[in-house]
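For reference, the structures are reproduced in the following blocks.
Shared chain: chain A. Partners: chain B in the first complex, chain C in the second.
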Partner chain A sequence: MIHWLILLWCLVALPSIAETDAQRETQKIQPHDIHLMADMAVMHEGRIKPMESVARATFRKVAGRSAPDDISALEWFVAAAFTPSVAMTQEVIAMGSAPLKAWLGFADDKRKNFSFLETASALDARLPVLQKMMDKPAADQSSLEKEIIGLYAAVQDYSHLLTSLTLMLPDRFTLSPALQTQLGLEKKDSYTYLEIYRHADFFMNALKKIRAKKNNVALYTAQEMNIAQISYALSGMTATGDGNTFLRVVPTGAEWSSLWQLVNDGKGAPHYRALMEQWKKLAWLYYHHHPQQWRETLANLKRETGKLSPQPLNTLALEVFYHHANLYAWAAALYGVVFALILLPLPANTSANKPARIPFHQYIFAAAVVCHALSIVLRMIILGRPPVSSLYESLLFVSLVLAVITFVVGRQRALYMAAGSLFCAFLLLISPVYAPAGDSMGVLVAVLNTRFWLATHVVCITVGYAVAFLAGILAHLHLWKKETVLPELLRSMALSALLFTSVGTMLGGIWADQSWGRFWGWDPKENGALLIVLWLIWLLHGRMTNMLQPRAFAAFLACTNIMVAVAWLGVNLLGTGLHSYGFTNAAGVGFVAFCVAEMIIITFLFFRSRHHAS
Partner chain B sequence: MLLKYLTHPSLVFFVLPWIMALLVAGTVVQPAMGIYQAQKFFFEGFVFWLGPVPLPGMFSLLVLLATSLSAKILFTSTFSWPHSGTWLIHAGALLLLVGGLVTSLTQQEGSMLLAPEETKNIFDDYYDKELVINKNGDDVVRIAFARAAAMKGDDFRALVPFDMSVTKACHNCDVVQDQNNTVRLVARPHEKDAEKNLAGVQLRVQGRDMLVVQGMPAHVSAYQHGDDIYHVSIHRKKHALPFSIRLLSFSPSFHPGTHVAREYASVIEVADGALTWQTAIRMNEPLRYKGYTVYQASFVEGDGPSSSVLTIVKNEGRVLPYVATGVMLIGFVLHLWMRRRGRA
Partner chain C sequence: MLPKFLVLLVVGALVALACGVDYSLSTHAWVQQRVSAESAEQKNTAQAVPDFSFEDIDQSRAQSLRDFAGSPVIINFWATWCAPCVAELPMLIALADAQRDVKLLLISQDSSQKTIDDFLERLRRNNPSLPALKTSPNIFVVWDENKRISHNLFQTYKLPETWIITPAQTLGKKIVGLASADDVRRALLQK
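Right after this comes the complex of A and B.
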């Protein structure tokens, strides 16, 4: 547990940037200078990421949203590290539920966001209770307790960010000329922690002697007061820096180290020291407004870091591009445009079998598919693994497969394109719900850490989901207007869906046999996949034996969408079994809403088609 | 006539909804019931008891499907090129079901905890337990717990030279003390995590009550008969391996700066008679030898180096799902291709 109060005190004592003369305003470090830090390498949660990714993930964790209103996440991140005394009073920490606020004593406060200062003080006063909550096994924690622990983790990360560079921020310590001479320091107005921390023992001993002589602070001379303050500040900062591994920017091996670790663990090799000096210089330039030199130093720092890194750093810029381009949003928007273009100008009674009047939408659809595919390819390059390893990624991938098949099979048919684009847009739009902590592109737990099975089983089963969805969508269209989709096509689609889902499920069994020692274990995710397979087998046999008339077959095939939703997303809500990697709480409501809506729509379509038939 | 009904596709149409219903129910109750219990109740019986009403259980339905598939493949569907795809798909499905049957009949599954430099050639079953009677330090009687639970005095007469019978048995027990200071066994509901169940029996030995619960120290249930000292205990059933395993080292490796494991690996030495060799077991890379498959399951942290927990499985039907997957894949591809050609 961090002693927040020590930390707060250390931060308060830091200076803010000197606002001297007006002419300097033009020479200040501008946002575009800050953004040069975007592709700076940081080891974060097991992977080397550009600072852009770390900033986004941290802001999401602290503030519960993707970016601040007025500045970018990166600007917020850099400002927090370089000017913590300013950042600590800014109201960014998201204070979720009313019970949480009440627990922290903010019951009557209407604000949604609180400053670090307020939150940390409130948490500090409740540390013993908090500790008890954290000692409980996760299964026994109430939802409020989970929220409190989540807040604590976020505030802890934030505190580590705030103190990540304090050891080299300038203007921290002012020493009297006598002390400067006594310690043999270069004559300066002020010093950083780094410049004087080696003399910590001197200050401690001096303070001890003073205390032995005088037991009342009021009697201290100016010199003695100076010594006392420096002594407290040094030990306080050392305590907050101890264990601060947040901003790992120094490649000291596969693990990388934070700047505090370099000092505390005594990793003083000359090349690390050189990097440290560059960071110190960067901090000084930030405080004293030298944009030109800031840019040069930063470029130099990145180059030197790259030279020392044991891992290649060649995808950092790509990852920054990935964040900025936000290709999924573009793809979702373009799918939406396609849908609008097709449906809006055309009334429902236009024959959809005719080639579309506006072939223009095909280009837009193609552009959407390109954006969509490109972003998945970028992910694969950045992460160096096959496209699907989490629920969130499966949504991105399934919608791409859906889009590609729609384009290949149905680009001549406006109605297919409309349905396909609507569904793709829908899947892309709901995907963030399944990445509640943001898309941090995390590392994989051991059992998933296998490219072969991710590439075979997972891809096969997700393609199966996509084809099953497509079969379901076509069945909707068939019910809506019989002649748009021939029954033969419905059967082919159901059969193809069965191929991918059954083979995918069996490959999953083989993977399970390889890693857990059993082919089949009746785990919820396995049962879900089996449910789709059995459902499709049932449908096909029902149709074959005429037990299901064509219209009933179409209606049940349309229900395949619900089955897929159950197998793919629904079983994760059960939160049990070996497969439950995608923990989702808020997603439950959306899932139930989808199923209910589908049932209503299908029932409506079924009776409507019966009416038309008679 | 029977053959016609048995092989007609509508059989599948009528059987599957019931299987799907069992599947959904057995999945939904898992968080409340625990995976092992849910599996036993919904997926493993020949009869499914809905309250007092007996309904066909999953095993019966699967056997019915397997019989139907075999009859279809053997008698009614003649192999021809245009139907080769469907034939193969059905053959693959049958292979899967047969694989499941062989697995449920022959599978041994258990775990082995190995400290560094420790050598073992036995492993503990995950679920099956046994009652062991030890005489002067030697195990003289081993009986499967399920059988021991039903044993009467006569059954023990051939095994021990004194009167002994089981008066009470439970698969998950508590020991309670009543007002008269006598302790007795009380059955508890099954744990969600089946491995946490503690089996126990209450014995009557020469007119005296004796309690034996899994994990209890052996001396508690000691009985002296003449010069001989007997201990009764309940253990997880032990299986012997035809080879031994020595743990040379265990190393979890983590993603840098996190507690997320990237990989677990046990470096082991396998000894079979005079033959010894070294190998490593990792996640997704088990050791296969003499019909046994040894997996990296987990590890136990201690003061010194961590101990490794290995899962050991013997399953005669292990290959069948692999073959079935291949057969079905080929079947599907052929079938779809034939359909395309048929339409063209």
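Right after this comes the complex of A and C.
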């Protein structure tokens, strides 16, 4: 955190820098030139990803939303890296909660977003208290403390972004003509950190001599003042670069390095020279507005990075497409359209087993499934693993399974399609709530990093959740109108759900035996899976022995949705057990509301159907 | 009942599809490359060293790195104001004096030649057992005045840094920070 103060001094206190940044506002590379950086390879959070993904993740972490209002996340990101002294005064850091604002001394401020300058200064003034909060175990931290620590992490990332390229930005240092001559420098208005760093020992010695002679800064000559300023800025910028591993763009091995790491951590080597030169040139072209050369340099830079990278970089463009296409949003919107087409204008269509009057909705539903499936396949290709490693991914996958089964089983029945599309849209819409802060395509936690078990246990159990959920939805429909869903279908769906959840649970036990050394440990997640299995066995046996009448069977089967919600989402709220990759604090209220609403709806439907029968 | 079979069939097909895609991904060449990225460090250090010319500090011997092909070369980046550099210098000189087949290039980042001359004289005075650097056949002191070799070519900014160049003129081990005699000997033995 101490670096922030140095950063403020380096970037704001030097008047020459602030002025040139203001002048630069009028000379910008065009947005379409910036967007050529989208598929630039960066190692971020353990994975090589396009700059587009890093930009989106960083903006989401800092600003709490997906993109700025007027520009794209990538434009914001590039501007922050290339013109940090402008970016640090822009109001971008999200501060939604009133207690957080009050803690930082912004209680009377109505704004929702604050600048880096304001936030970093406020955090810096509260550093001792903040340090105490961070020293506490996570379980003992209050929700406000967690929020403050989260803000601190976001601001730290942002500060690293702002300083990621400062070593090669062309306007960092202004030298008097006399100093330029003394050092034998090419005559220029300003110099980069790296250009001046070559003469670091000169400035160090010169400052030592000046300070030995004069105690009072007011007595310094213009030349001495220039030397003092540059010496302090040099050491300040070196300090801000220390530990800055944010923008890892140099393939120095399995772990990539940031440009600062090449300079400060001894990661440099002769074969990185070309890459370093291209980055310097890119910074110069950004400042001097040469779009054509910018494009050429960028192409060279990408080629050079590809040559040095030991990892293949062939999914970067695909990942950029994945972001831009936003297929999940399209799928959710199309599911919504299907629901509207079936139910809203033509309520008569909901009747019984008749085909819908507008079969057009089937095509739209099919298009939604294609969008949905395509986005999941893209995700699998990009990540090289099944998309079931986090709560967010399982929501996407389960909703796809739900959609496919709905389409296959119920495409001729409008009511099935309406219910299926409603739930698919619902799951897709709530999924971002469970997405991790920053990048949703994170690397796997160690325990999940076995492709075989991901493809068997996790896929099997999530398919089980999806079928159980669908069985619950069909049970709702059965209670609403008996003829819409035949009891045999309910039973077969319950059996299918039982098959997948029980096989998935057993496979999980075998995996646990291999990973954790025991088959069963009464972990909350394990108990949740067992709960669904036991619930379905109880229901099916009750029905087979006629202890449960069809209506009661349907009512209890509808309650399976609650069981699924408990096993899938509810146990994650406990934040305990070994399945820590799924932990979340998000949407606890939503989960409780869902369970209560389901209880009320099922009770209502049950008594309504009993009343109709009598 | 058709739906029951249909549901099982569809769900089964989905699981099979997931397993199939997973299998095909795991056997796909680029995924395997991704997994074997750990071996990347070796790839990076096996790079050929670019040639560069240099003059000994008293400008008596002008040579290029390629002249040393066939011999292991130790390139040490140092400066008189860098304490760890000063600490390791006698060790490096003694080591090169004992192993005459090893060439030692001491590349200084100081801002004036006089500073280096004064320092070397002091070093010799304080360590009488060290050989005379200007006449030693395998030790070269180079003043990298414009950081042409250190910053531009080797991307070396922090001191000290020691590169071991193999007899085949490829990059061997790099030692960042203070090096011990054992570190350097071990690095010289590595192919």
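Note that the second predicted complex is superposed on the first by the 584 of 614 C-alpha atoms of A that agree within 3 Å, B and C clash if a C-alpha of one lies under 4 Å from a C-alpha of the other, contacts with A are read in each partner's own complex, and residues count from 1 in each chain.
We take it that a contact is a pair of C-beta atoms (placed from the backbone, for glycine too) under 8 Å apart; a residue touches a chain by one contact, two chains touch by 3 or more.
Just so it is clear, the model here is predicted, and its values are computed rather than measured.
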Chain B and chain C placed together on chain A: clash or fit? fit
Touch test for A:Leu127: chain B only (first), chain C only (second), both, or neither? neither
Message = Let me test your reading of the model: by the given contact rule, A:His199 touches which partner, first (chain B), second (chain C), both or neither?
response = second
- Task: Could you look at A:Trp522 and tell me whether it touches chain B, chain C, both or neither (first, second, both, neither)?
- Result: first
**Message:** Applying the document's definition of touch, where does A:Thr456 land relative to chain B and chain C: first, second, both, or neither?
**Reply:** second
**Request:** Considering only the touch criterion stated at the top, classify A:Leu530 as touching first (chain B), second (chain C), both, or neither.
**Result:** first
Q.
Under the stated touch criterion, which partner chain does A:Val571 make contact with: chain B (first), chain C (second), both, or neither?
A. first
Exercise for review: State whether A:Gly542 touches chain B only (first), chain C only (second), both chains, or neither.
Suggested key: first
Task: Which superposed partner A:Pro310 touches (first chain B, second chain C, both, neither) - done: second
- Message: One more residue to check, A:Ala333. First (chain B), second (chain C), both or neither?
- Response: neither
Once superposed, chain B sits from chain C at a minimum Cα distance (Å) of 5
Chain A residues contacting chain B in one complex and chain C in the other 254, 488, 492, 495-496, 499
Within their complex, chain B touches chain A through residues 8-10, 12-13, 16-17, 19-20, 23-24, 26-28, 30-31, 35, 38-39, 43, 96, 99-100, 103, 107, 109, 254-258, 260-264, 283-286, 293, 295, 297, 311-313, 315, 318, 321-322, 324-325, 328-329, 332-333, 335-336, 339, 343
Listed in rising order, the residues of chain A that touch chain C in the complex are 194, 197-199, 201-202, 204-205, 251-254, 262-266, 268-273, 276, 308, 310-312, 314-315, 377, 380-381, 384-386, 401, 404-405, 408-409, 451, 454-456, 459-460, 463, 467, 488-489, 492-493, 495-496, 499-500
In the complex, chain C touches chain A at residues 1, 3-4, 6-8, 10-11, 14-15, 18-19, 21-23, 25-26, 28, 30-31, 33-34, 37-41, 43-45, 47, 49-50, 79, 81, 109-111, 146-147, 151-158, 161, 171, 174, 176-177
Residue set of chain A touching chain B in the complex reads 43-47, 245, 248, 254-256, 442-447, 449-450, 453, 488, 492, 495-496, 498-499, 502-503, 506-507, 509-511, 513-524, 527-528, 530-531, 534-535, 537-538, 541-542, 544-545, 547, 571, 574-577
